[in-house]
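What follows is a pair of complexes built around chain A, which joins chain B in one and chain C in the other.
Up next, the complex of A and B:
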């Protein structure tokens, strides 16, 4: 028996690849909802909305000060407690056991990533020149129009590299989804590895899958950034003419 | 005192009991990670021919695979791999493997922190140092590194906090740190829910992070003061 059995590793790749859709689903859904939630939180903080601003500060501090895996566990064991508490009071009949694990993962990852995205949005909105908003007002736009038409498109461009990093971070973070009983790439590899005492092969397979996923994302983000900054220079040229 | 409050305090004491182990893991990993990071940063700055490629590959691998995979590779894979050359490290303490994995992981991130801080100081500082007759090592020690250190402090602080949070994965290879304590508490005390324990754990991590954050903030203030004094 060879110590590192590459044939075995190759044979198991299709089985491990079955976890990739889970990884990507969690990452993309959390990213999208995180974008919306993060933007709202960032706006709360920028405009210093009373109560919501303080709550946001507390929320961001907590999320960034505790490990993701602890958050997953708190969420996973906390939701049933909450459901038990709410059921008699609101007259509901939700069975916490029937909530699918994926649901836990999606919500927990969204809550986690929104905090990071909120900080990115806050810094990128602050990075766009304050004069932009004044210019928008001067041509008669409302605050909402100024935000959606002038400030946010620019802020999004500034935020793009950081958002890309967050997305890649999310892909890596999905390896912790075993905490809420979601079986994705790493969990599958672990099961196979434990069955056949083939640790090094299976973890190598898992790491290469993650690696490739991240490289693909990096490439897409690189293209996206290039494309968007091209449109920005074009806009800049038009404005200066 | 009500029994439920007594429960909470009980859990707190038990979790805090394991905080030193978490901090020990963090400090040791940080030390080795700084060494690795410095080495990689020097290789990437000086662009040594073959080492540069290896360092870049290492960075790419470390930064695009989850820490958990790396931890498993080190803990399960490394002993298996070393058996090929007849080195048996199976009996080593789990803590050693955990610290190895964390150092390996954080080293990559720290090397980029160090590299960017070094590059941020700028070439003209070097030229100025040369123009007053300093050698390379003198310029590095007296001019570049003090400035680079100040620039790197915020990033360094972030990475230390990241590292603290990363140590929460050590329980997956059976280390009884803050997270590992859960199993023991559950074993001894059937009446207590998991939820309570994890809330306590998250509070402990949160508090530790805030303490580290304020320490780094204090260090930034102290060193910036010295910086201003020197430039006058």
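Up next, the complex of A and C:
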């Protein structure tokens, strides 16, 4: 028997692939809700909305200052305690054990990624020239119209490479979702590995699956950036010459 | 008619405008000149509330706004009576040339797309940039961008057109094309307030000139009075510095 049993590894690929839908679901759902939440937080910070601004600073500091795995644990063990505390006080009858693990993962990853996305949006909105908003005002737009029609489309273009990084980071971070009992790619690999003591084989399979997923994302992001930056062709950085 | 009464503005307790009064009649071309830091750009930006005056009222036609009545709604009303041409053009980078001009018509004037496109193409023809309609601002030269900026402002048919040093950021050879367009629209009887350092142009196009220094109006009147035969020492000094006599023979 070889030191690394490639045949065994290959045979296990279909089983591990069953974890991919979980990985993708968590990454995409967290990304989408993170975009919305992140943008709202960024706007609260830029326009210095009272109370919300201070809360945002605290939230971003906490999320960025603690490891994701710790956040998952706190969330996973904290929510049942919170539910037990709230049930009698609000007259609810929620059974914390009935909440599916995926739900924990989706909420926890969204909360985590929104903090990073908020900072990306804040910097990219600030990076768009102040003159753009002034021009929007000067043609009679409201702040909301200036944001949605002029500033945010430009900010999104600036933010895109960083948002891509966040998404790729999210895909890899889903490997921690076993902490909240979601059986995704790495979890399946670990379970199979434990059965036959085939650790290196299974971790190789998992790493290749993550890598392929990230390659696909990189390709999509590359295409997206090219498509969206058509108004910047003379800026040099994106020119294909 | 535009009336500014007692406009005061400070930045961080540093006064920039010490109570400015200005009246501009319909069809007037008011040119504001003065040294850097005199407050002329700040005054212009106060007129459409890009800068919020600390005190004072602004009246355009029958609409008056002051520091107490400056609600979001009133500021919007004021802005929709004015349009501005910026020193650095500030064209919308994510919109084509044509879309830049249409934007204000669609959003502020609520004109339908087909009509807005017609009006915008007409104006592009006027500034000689028809063939650039579908280009993005980054593909245009500075002079071309500023011509689009002028078309964008004209499209709104404002009660007053504000120009903030429209040629200061341009290469010398592009200044002429922009100034001649401004001159053409001045001849159409559109009310304009222009902040500029181009004294020859001011003499040419202005119906009234204001000379500002250190946040006050030093002198105002007809172009030939202020720019050719100034009464005040400060004005004389400024004009002398702009056209220095050579101190040595070449």
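By our rule, the second predicted complex is superposed on the first by the 230 of 241 C-alpha atoms of A that agree within 3 Å, B and C clash if a C-alpha of one lies under 4 Å from a C-alpha of the other, contacts with A are read in each partner's own complex, and residues count from 1 in each chain.
Note that in this section contacts are C-beta pairs under 8 Å (C-beta built on N, C-alpha and C of every residue); 3 or more make two chains touch, one makes a residue touch a chain.
For clarity, every value in this text was computed on a predicted model and none was experimentally measured.
Counting the residues of chain A that each partner touches, chain B and chain C differ, and the larger count belongs to B. Looking at the shared chain after the overlay, A:150 reaches chain C, while chain B stays out of its contact range. Judged by the touch definition given at the top, the superposed model places A:70 against chain B, while chain C stays out of reach.
Of the two partner chains, chain B is the only one touched by A:207; chain C is not.
Once the two complexes are laid over each other on the shared chain, residue contacts for A:131 go to chain C alone; chain B is not touched. Judged by the touch definition given at the top, the superposed model places A:140 against chain C, while chain B stays out of reach. Using the contact criterion defined above for the overlaid structures, shared-chain residue A:181 touches neither chain B nor chain C, since it reaches no partner. Within the complex formed with chain C, the residues of chain A that make contact are 129, 131-132, 134-142, 145, 149-150, 153-154, 157, 230-235. The touching residues of chain C, counted against chain A in their complex, run 48, 50, 72, 76, 79-80, 82-84, 86, 88, 90-96, 103-104, 107-109, 136, 138-139, 152-153, 156.
Residues 3-4, 61-62, 64-71, 73-74, 77-78, 80-81, 168, 172-176, 186, 190, 193, 199-200, 203-204, 206-207, 210-211, 213-215, 218 of chain A touch chain B in their complex.
Chain contact summary for the complex, chain B toward chain A: residues 60-61, 63-70, 72-73, 76-77, 80-81, 83-84, 161, 165-166, 168-169, 179, 193-195, 198-199, 201-202, 205-206, 209-210.
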